[in-house]
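Every chain is named by a letter (A, B and C) in the order it is written, and numbering of its residues begins at 1.
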Amino acid sequence: MKKLIVAMTMGLGLLSSTALAQSAWTGGDDQPTSPLACDATPAVAVAKPYDGGEPAGAPDRAGKKITVVDVPKLIGIGYFNATTKGILDAAAELGNVDAKTDGPTKANIDEQITFLDNYITSGVDGILFAANDPVAIAPVLKKALSKGINVVGYDANSTPDARQWFVNQAEFNGIAKSLVDNLAKEIGEDGAFAIVTSTFTTPNQARWIAEMGAYAANCHPKMKWLETVEAQEDNTLSFNQATTLINKYGDELKGIVGMTSVATPASAEAVTQAKLCGKVAVVGLATPNAMKPYVKADCVKSVVLWNPVDLGYAAMHVLRAVADGTLKAGATSVKAGKLGDLQVINGSEILLGAPYTFTKENIDGFDF
Amino acid sequence: MSRLLKHESILAILTVLALAILAMQSDKFFTTDNLLNQGRLMSEVGLVALAMTFVIVTGGIDLSVGSILGLTAILLGVFWKNVGLPLPVAIGLAVACGSLAGFVNGLIITRFRVPPLIATLATLALYRGLAEGISEARSVRGYPEWFFFLGQGDILGIPVQLCLLVIAAITAGVILARTPFGRATYAIGANETAAHFSGIRVNATKLWIYTAAGFLASIAAVIFVSRVTTTRSDMGTGLELDVITGVVLGGTSIFGGKGTIIGTALGLILIQALKNGLSLSGVKGDGTIVVIGVVLIVAILASAIFDRNKGG
Amino acid sequence: MTDVVMSSRGLQRSSLRRFVGNYGQELVVLLTIVLLFVVVGSYNPRFLSETNMNSIFSGNAYIAVAAIGMSLVIISGHIDVSVGSMIGVIATMAGTLAVSGYPVWVAWLVPVVFSVVVNASVGALVAYMRIPSIVVTLGMLSVLKGGLISATGGAWITDMPPAFMISQWRIFGIGTPVYFMVVLTLLAALYMRFSGFGRSIYAVGGNMEAARAAGLNPERTVVGVFALHGLFAGLAGLLFATQLQVIQSTVPPNLELTVITASVIGGVSILGGTGTVIGSTFAAILFATIGSALIFLNVSAYWLRSVLGLMILATVLVDMIRRRRST
């Protein structure tokens, strides 16, 4: 009996100590931020010399049929289903590309590297990737470059020298500005909000959150950040976490920001099931299909995203241009099929464009 | 002895068959380059599987090896960057901590008599949690070039970690098959009480084995960090399932008392060959997962049938 | 070991001590739940609000239901590490049938039947071919997971008819999953205690050869146990599928570990032969409570998993100490 009590007290003591131990986790990383201006002044494009990698001894692929593999962070979520669609659309349009998507079922760098390695061995001509970790993926991508394979990234970058080009959906600070401005519009300048993100270790999410913090501090200083919770890429967990946040803060919580295409619909679901539509705003990154029921029900006013189908589409076109040799280091723009001319920024990044806001009026026009 | 080798023979035949079929499906499969590369990629799982063979032969199991790998990786980064120790010291200290983690597993199992499944289920969460907490999601990068030799370099054309794996495998195989320690391991798995009464130091043996599992997992962590040049707290997730599948496929009985290093090696080779060969023949990731699952069930089924026919 | 425990039980004098001795683990778990409610409730009263209680109980009931089946399997001396994948498959199957225009009862029934049949086959492999259950279910895990992704590509299922959404209904303000959990647990507990088959599960798990000598048919028992487990997994899958408006056609991560841990923490011994389903239901509730409590207590997100691991360890150690004192 005594031992029982001892064990119990130990457990309790542990709980309370850890509770007071750590500094609050915002979900952001610790790299420098560069918030945009509070008004609609567009970001100044920084001209930098080309800093991408180069394949060694790539054969002349101009005009010839090429095999391309796309290895996203993971397969089985709406967002990457959409980028795959874009890639396949572009491949069909180009006519001389054989493309397929293959990847791990969890967002795990160990497995992603193995997938890439296998495809390098099988002798693909081009690789498209969205990295689970920018540094860890570099060695295997450099190996690809050394074998003369063309490498282009999208959505989540690697270190610049491990790939030739990176198609960036939008600048980190641009996304941060869109999200925070939309949030402020819905919850007011002194509202309190919480964030639902994927995991601690996802670089993109961490960057966005850090930028959001910097921008909010400058332009919406009275908005109160309550807490950030992690929810992996799991629907049920995201829902549970969002619900717990709603229960924990009660009336104080005015808005939830979802940082992944899984977290946002799950948060909207949590708000719907808690019968708080209209009282708790849900803002975030998501695919339109997942959000249609909530936007139609007026639970969610706006969904911010770039168009992932366009992102995949652009990436495929960039890869083709690189393989053909029409896109070279030092270029300032590249033609990407029906998207027209895309601008080159930061040396070796290609900007897709401004983030897109889906609302009740336009959401039916999209199917991804 | 011949009974022991029955499963390994079936497995060997299966492996050769698989290799042949895969080689026919893609001409890139059976090249020296590719085979050596596969050896490099399977080294981490391979090292841990050596220790896991001992663990499962004693009738136990260790689900926390993946978490120990992640924890060691994080500690390596923390000791080097945050504490500022020279890299070789940091590596040594991290490996020591990983071995300690394995030792703690052994303590919980022997001293507190917690069944291994539950004990390592709890430490799976605990060690991973420590990795997350200590790292606070920061990755450590920027290691000196010489460090990458371990994970990315070659000795006489053979990947460094593969050399290590082969040496470790031979050592493990000799220990298990030919030394008193190995015999004690089998005895414990066959009948723990009887082993105890015949003078075998059951607890000490188990402690050594679980510590070895932690040790090898931490070596695997160092190799992995060297291979990908960074540390993450989620490294090694799912490693335990890969390792256990390889060991069990290799003929080690989950009830204990039976199993060989050769079997484990064959099991690992078969799985790695499938993962690589199927991908080269155009099968996507999900298809490969299904095939491996089926192969596992079929192989064990075949072995069970042959064992029964022999008159078990 | 079971024999030693059983004989010492006969030696304990008062019936209260005997009750505590038999059901000690279940009581420990229950006490911990109550303790958490008290501590966290005083820290933040919103923890005890109706909506939060509903979230904890209703949102996690499916884990408790799955744990019932898992407990039966473990009591019989086996294990199933593929239950997470199975639930993912069932949920996807049910959702796909529902949106394809089939009557709602078809969408409910077919996946459950599938689960029962597949699990019974696994049981047959284990019982008659003598393949260790961990091996078969390890293989099953891969087959189901890979098969699911292959078949669906991870596409999300939306727009399911409201008549299908079991988990969303409320009776007297409490979500239906709670009723499922309570009723199924009670039924299973009574069945295990008082029915012949229930007692044979304990016997087979405790000592298979002794059970055979006593006239039972262990092989049939094991197949039956796995079939029952398939039933509970199927029901859990339905509850899981209808919780949200969307079904992600992937395997929920770590579900099998959670379910197994719930059974084990709830008092089911991994050695087989002892334990109750009431314990596993309590443990499932405990996990859900801990998950919510840690957020309410502002425990830094970085340390969540270590705290969970420590609590599992603490509970298990306490149980081991308790068992040692009673032998």
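Worth pointing out:
Following the convention adopted for this analysis, contacts are C-beta pairs under 8 Å (C-beta built on N, C-alpha and C of every residue); 3 or more make two chains touch, one makes a residue touch a chain.
Everything numeric in this text was worked out from a predicted model, so none of it was measured.
Taken as a graph of touching chains, this assembly is complete, with every chain in contact with every other. Looking at B-C and A-B, the interface holding more C-beta pairs in contact is that of B-C. Seen from the C-alpha centroid of chain C, the farthest chain centroid is that of A.
Taking the mean of the C-alpha atoms as each chain's centre, chain A and chain C sit 35 Å apart.
Separation between the centroids of chain B and chain C, computed from CA atoms only, is 29 Å.
Chain A and chain B have Cα centroids separated by 34 Å. Shared interface positions of chain B, i.e. residues touching 2 or more other chains, are given as 132-133, 136-137, 284-286, 289.
Listed for chain A are residues 22, 25, 75, 105-106, 200, each touching two or more other chains. Residue numbers of chain C whose C-beta contacts span two or more other chains: 145, 149, 300, 302-303, 306-307, 310, 317, 321. Chain A meets chain B in the complex at residues 22, 25, 29-30, 75, 100, 102-106, 108-110, 113-115, 117-119, 121-123, 133, 135-139, 199-201, 206. Within the complex, the chain A residues that touch chain C are 3-4, 7-8, 10-12, 14-16, 18-19, 21-25, 75-78, 81, 105-106, 200, 227-230, 232, 234-236, 239-241, 243-250, 262, 265-266, 269, 272-274, 289-290, 292-293. Taken together, the chain C residues at the contact with chain A in this complex read 28, 32, 35, 39, 44, 46-47, 49, 51-52, 55, 59-60, 145, 149, 153-156, 158-159, 168, 240, 243-253, 291-292, 295-303, 306-307, 310-311, 314, 317-318, 321-322. Only residues 108, 112-115, 117-119, 121-130, 132-133, 136-137, 241, 244-245, 248, 253-255, 284-294, 296-297, 300-301, 304-305, 308 of chain B touch chain C when the two sit together in their complex. Here chain C touches chain B in the complex through residues 79, 125, 129-132, 134-136, 138-147, 149-150, 257, 260-261, 264, 269-271, 300, 302-310, 312-313, 316-317, 320-321, 324, going by the rule given at the top.
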